[in-house]
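Each of the next two complexes has chain A plus one other chain: chain B in the first, chain C in the second.
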Partner chain A sequence: MTAHPVNGLDDVVHQRVRLGILAIAHEARRVEFGFLRTALELTAGNLGQHLSVLERAGLVHIEKGYEGKRPRTWVNLTPTGDKALQEEIARLKRLIRQVEQATP
Partner chain B sequence: MTDTPVPPNEGPHELLSATRRLTRRVRQAQRGTWFPLLLFVVLTLASIPIALSSHHPIDCRVNSVGRVCIAFSLGSYVYWPLALVLAYAAIAVFYVHRAHQRGVGTRVRPYVITGVIIAVVATGASLWLVTHPGIVGYPLAPPSPAGKLLFRLVSPEGAIGLALLVLAWVERNRALLVFGLVYLAIVGFGWILAPHSFWPIQVITAAVLLLGSIGFALAERRAGRPAP
Partner chain C sequence: MTAHPVNGLDDVVHQRVRLGILAIAHEARRVEFGFLRTALELTAGNLGQHLSVLERAGLVHIEKGYEGKRPRTWVNLTPTGDKALQEEIARLKRLIRQVEQATP
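What follows is the complex of A and B.
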């Protein structure tokens, strides 16, 4: 008997904003803080907190630097982050399938 | 709050569709399809005087239907490989710069590499076909429709069209896939419209590319606008 997909959900990834950050970083290869903030409609502080959680979990790598006098922060998905994203998407799809199968 | 749980109204369906929406938004930010199309318009139009000035028959024979010739344009064989390699370099610079400005990375590298490879292979294949015309029946018969199609697909315009299909895959852009197929059909079967002269086809393909460039520029501009 296979475990119910809800049991396998990763608390770090199974969160709307953090899943969004991982999805954007996966598609964009690398993404700038400002793009994430606009796309996810978050304040800088809120986004920073979510990024810290992902960085502590080793799912993203954050590069800080300057372009001229303007500070720029770039977010890259790590291989662990990529794997976590794929697993979360697979779990969500499995969950949908199981719910649909259970619905008469 | 950093650890806000998924709201009860956001089930797996909603999470997945939100993820897809974000993915589409990134793809829109990465796209710059109008630029390569416009660049190819310029290259195609610039190639016409070069081809006309250096175009000459290298071998003519008389067969059952009349006089048939194999023509060769040295200028085109020098111009196109160089122009295409430089164009792909310019496209790479454009995409990298634009994506960086928009705050995302770019996926254009496979397109640029494939474009250069297709351009070099097509030039080689085209030269080989000109030096081995027997493969399409020369001099006993005029080239068959399949032979003409082959000639057109290994032409620089064919190479541009094949590479556009790669760009459509890279950009996950269905509209560009359809455009690329239509463009290739025009390149491949354009000889029906002007069987004895090549330059009207060049003008038609340039016009198609220009229309595509304008269309994609407008679509990209519309997609970049915030929803009302």
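What follows is the complex of A and C.
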């Protein structure tokens, strides 16, 4: 038996909120904390926790600074993060093909 | 801003192991506990916990019985479970399209 596609999924990337962060950061290249919070309907604490997981794994780079006098946090996808997102997508496609082939 | 596709994902279904259980049960219609455990590389305890979550949500039906003298547990996808899997797949496809449209 060959390994089922879900066995190769990485929980760091697959988790719903983190997959959303990576997808949006991929689309936008550089995305502001408040924008992510609104787009993903999260509290600041919850978003912060998921960003820490992604940062520790080297998938995003967090940048703190100011926009005028307002403190701002920006999230950038790293090359490792982009590669991890592409791998997740490739595995999801394999999973979807497998399910759809079994659909009568 | 329209809702991001990940906002509609259901954590009960999206979680890696549970997505695997639903996909395999969809492919096989009725699947034995030991087969699932091997296919998903899980301990019996871990698989049992995920099956309980799916059963409480009405997505699988658990059937206990015997094969000869050996106790066996079978897992069946319910119509609700099949619908939930199809919805997950539809949302994942939307997410994949969105990421791929943003890929240079």
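Assume the second predicted complex is superposed on the first by the 101 of 104 C-alpha atoms of A that agree within 3 Å, B and C clash if a C-alpha of one lies under 4 Å from a C-alpha of the other, contacts with A are read in each partner's own complex, and residues count from 1 in each chain.
Everything that follows uses one rule, which is that a contact is a pair of C-beta atoms (placed from the backbone, for glycine too) under 8 Å apart; a residue touches a chain by one contact, two chains touch by 3 or more.
This one's a predicted model, so the numbers in the text were calculated from it and none came from an experiment.
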| item | value |
| --- | --- |
| Touching partner for A:32 - first (chain B), second (chain C), both, neither | first |
| Chain B versus chain C as contact partner of A:102, first or second or both or neither | second |
| Partner chain(s) touched by A:14 [first = chain B, second = chain C, both, neither] | both |
| Which of chain B and chain C A:24 touches, first, second, both or neither | both |
| Touched partner set for A:41, first chain B, second chain C, both or neither | second |
| Touched partner set for A:49, first chain B, second chain C, both or neither | first |
| Contacts of A:61 with chain B and chain C, given as first, second, both or neither | neither |
| Doubly contacted chain A residues - partners chain C and chain B | 11, 14, 16-17, 19-20, 23-24, 27, 39-40, 89, 92-93, 95-96, 99 |
| Residue ranges of chain A in contact with chain B within the complex | 11, 14-17, 19-20, 23-24, 27-36, 39-40, 46, 49-50, 52-53, 89, 92-93, 95-96, 99 |
| Partner chain A, residues of chain B touching it in the complex | 1-7, 10, 12-13, 15-16, 18-19, 22-23, 25-27, 29-30, 102-107 |
| Chain A partner contacts - residues on chain C that touch it in the complex | 1, 3-7, 9, 11, 14, 16-17, 19-20, 23-24, 26-27, 38-41, 85, 89, 92-93, 95-96, 98-100, 102-103 |
